[in-house]
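Every chain is named by a letter (A, B, C and D) in the order it is written, and numbering of its residues begins at 1.
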């Protein structure tokens, strides 16, 4: 890696699971679900094209129920060379789960993806960016070696158990480097929607400043249902251009970056 | 339609029903209701003039109770050549209704408008942008052929029942292409009010980018009580100018665009 | 009035009452109350100076409990030539009051001001911008001839009872022409604080556009505890300059403008 | 002090205590806690370097539980010449505490810091910017001579008991001169995140205008977990440059400024 500046782009392909995971009764709210369906019907194809244009390999986090419902979307993402990563099964918040349920969410989420792509994903993100006291053991038992959940660092690091580092690398995330705080609207969230240039401003303030932090990397979090609208995709195009203008930039999947963490 | 880029402007003329539909006890809150009354007393006339200036035919969604109370407003909108569309009767959220109530809301809402304009509207929008499992049947039974409720596509499409397309066309909407997320304030909503130029920025980011999406259309959602303030109308004037500068632009009512969907 | 464009600046001098009116138990929360105390200790003097610099006579809405506690502040505002107007007694929301309580709030609020300035105020604003079904009668019985509560018009108008106009003029207000949506923070409100230039942008979008609306007036709503911070007062200085650059501008108190309404 | 314009920069080093203080059950939510851990792992070192670059001595407010957990961080801040100030023990809101608990929070918070730096801090900030009716007595009994909690003034002042000034100086704070309203996200707070330049705009509107207020000072409130992100630190760098361009600027700790208050 030497002087390279790693960039990881994590993309959540939640579809309807983002709503049913919060509250199972949302399954009857067809219009609310349609916010998620947008990801499949509209957002995914041009986002994949944009990634191709810029030579970006992204890490796609896909809930098991979404994979079950849209296996062709998973195959398409996989065929275009992106990393397929687990995002639980039903997009249910970890804090609401019993230990048994947490295990089942993790295992069945991975199973659903394996059935489609033939290999078990090694990267995982909790649907709610949360861990319980059981999570690390569950990850180790299930071959998950990359977590993208914690907010405590600008740098990748290796998790520890009883003071010894284990085979799970953390690639920390930040809320201000996600699309949701600027674009999420509907359901319970009714804050003001921001122009796409506003998100770009925050992201580039941080991207530029991160250049001066040895060992740091840039970790962007996208949701296909939010970023996949045409005006926001144009902004992402400008943002990717900006990222690539920095000569040290090296865009990697989560798995690729984690592999370099000692 | 060929190379034309369709633009549909849906305008909600809710008046007081937006408050009483949420909570019947708001009927006693005279000042809260006055936010809605603004649409009738102030917002409607200059908005209609602005539409005339730009040759815009809009689709007006009017709740039955509002039509009952302000039949002259309905006549005026109709006489100026805009499409009159149904918006339920009492502006009550679909998710709060029994199947029987949902039917009654739809039927009486249409009846109220027919009494005034002499024809039954064919376009309908749920007051809460929501559908139940009964909605499609109710629309088919009541001659509604255009729905503007779902958020899943940039393109018009035909609804299906048991895998077969039926005579209801969907013209999908988007929250970021509405005025409410930037201007709604009072009642339960107390987020920051934005300058009108901020909404214009979001709308034009999206309008410009939609030009590159074959089959897509631009669907703007307005509320007379929000957009009908003088500074915001000036912004809408600039926005309509921008829309019309694009040579492919063809401004249509919801019914007109739906008629071209095969 | 002829060709003049009337401007009314209503200023709420709430002090601690804004917190105790919401919840009496806030009386024990000394730091929360200190947000209100700022109005008396810091905000009022430079605001009065700024009004003098621009020759502005404002209408000050002062709750009775605030007047009881700070009679010198009331005398000062009065001596500088501003209108003293009633804002209830304990800044309690109308919707939470019994008819008897509503009457008492109105009467004792007026009494408190009369004790200090020797005359009974004729202008009144509900602390919550709300009216009950009893309010109009109460206003008529208590010599209130000017209300600044409704949101339904850009123009002053006369209230009606049983279809006949009565001796209460309404000077309607708008939330986007207040300072609170941009600056209010703390207590229950925790939305994003905006730069002062952002509020100025919204206000001037509307001020400029109102010039083209015959019969309309510009009605700005300020709170001493919010606008009275130095950076925001600089913005108000710029805004008042902008208002006065318009040659038709005529700045009036609420009572003065209401007197011209037939 | 004469013509100098005092600037005080109060920095909260809360770490995980900000979450466990709100709700003890958050101790199990490892990812939520990681928002706080960021302060220790990432934010503190570059913030201290930036302060050194500008010759800034800040006042650091550190909860006792954070000091117990990260004594080296306290030693580092102290060794770099900043004031160590108390911020309670468990970052628990004053309004939720019994008188006995309030006393214990204050005393044990101070004890924790004394154990590390060898002296008892004299400056204190409530974790919730709140005082009970017992607070002043508790401060006097425990040698706290500087409070930074109230919002009622632009100027330092001395607290009073029974009408007589006592040995506790208040250095008032303002929410709009803090970082939290623009950057706080996660947990219960889910308002829109703002670009760093937006906070800088508000801060400099106020800093510049305060120059004209005799006796006033500029009091900035930072949280290491929020301001310690690279893009925001670049903004703070620009802001400190702006502060120092004003020739009257004199940057002081809270204790230093309070010592000059008669």
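Criterion: a contact is a pair of C-beta atoms (placed from the backbone, for glycine too) under 8 Å apart; a residue touches a chain by one contact, two chains touch by 3 or more.
Just so we're clear, the structure is a prediction, and the values are computed from it rather than from any experiment.
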Angle, in degrees to the nearest 5, of the Cα rotation that carries subunit A onto subunit B: 90
Same-site or different-site touching of subunit B by its copy subunit C, using the half cut: different
Distance between chain centroids, defined by C-alpha means - subunit A, subunit D (Å): 35
Centre-to-centre distance between subunit D and subunit B (centres being mean Cα positions), rounded to whole Å: 49
Where subunit B touches two or more other chains at once, by residue number: 191-192, 194
In the complex, subunit C residues that touch subunit B: 95, 126, 129-133, 135, 149-155, 172, 174-176, 181-182, 189, 191-192, 194, 198, 201-202, 205-210, 212-213, 216
Of all residues in subunit C, those that touch subunit D in their complex: 28-32, 34-35, 37-38, 41-42, 46, 183, 185-186, 190-197, 229-235
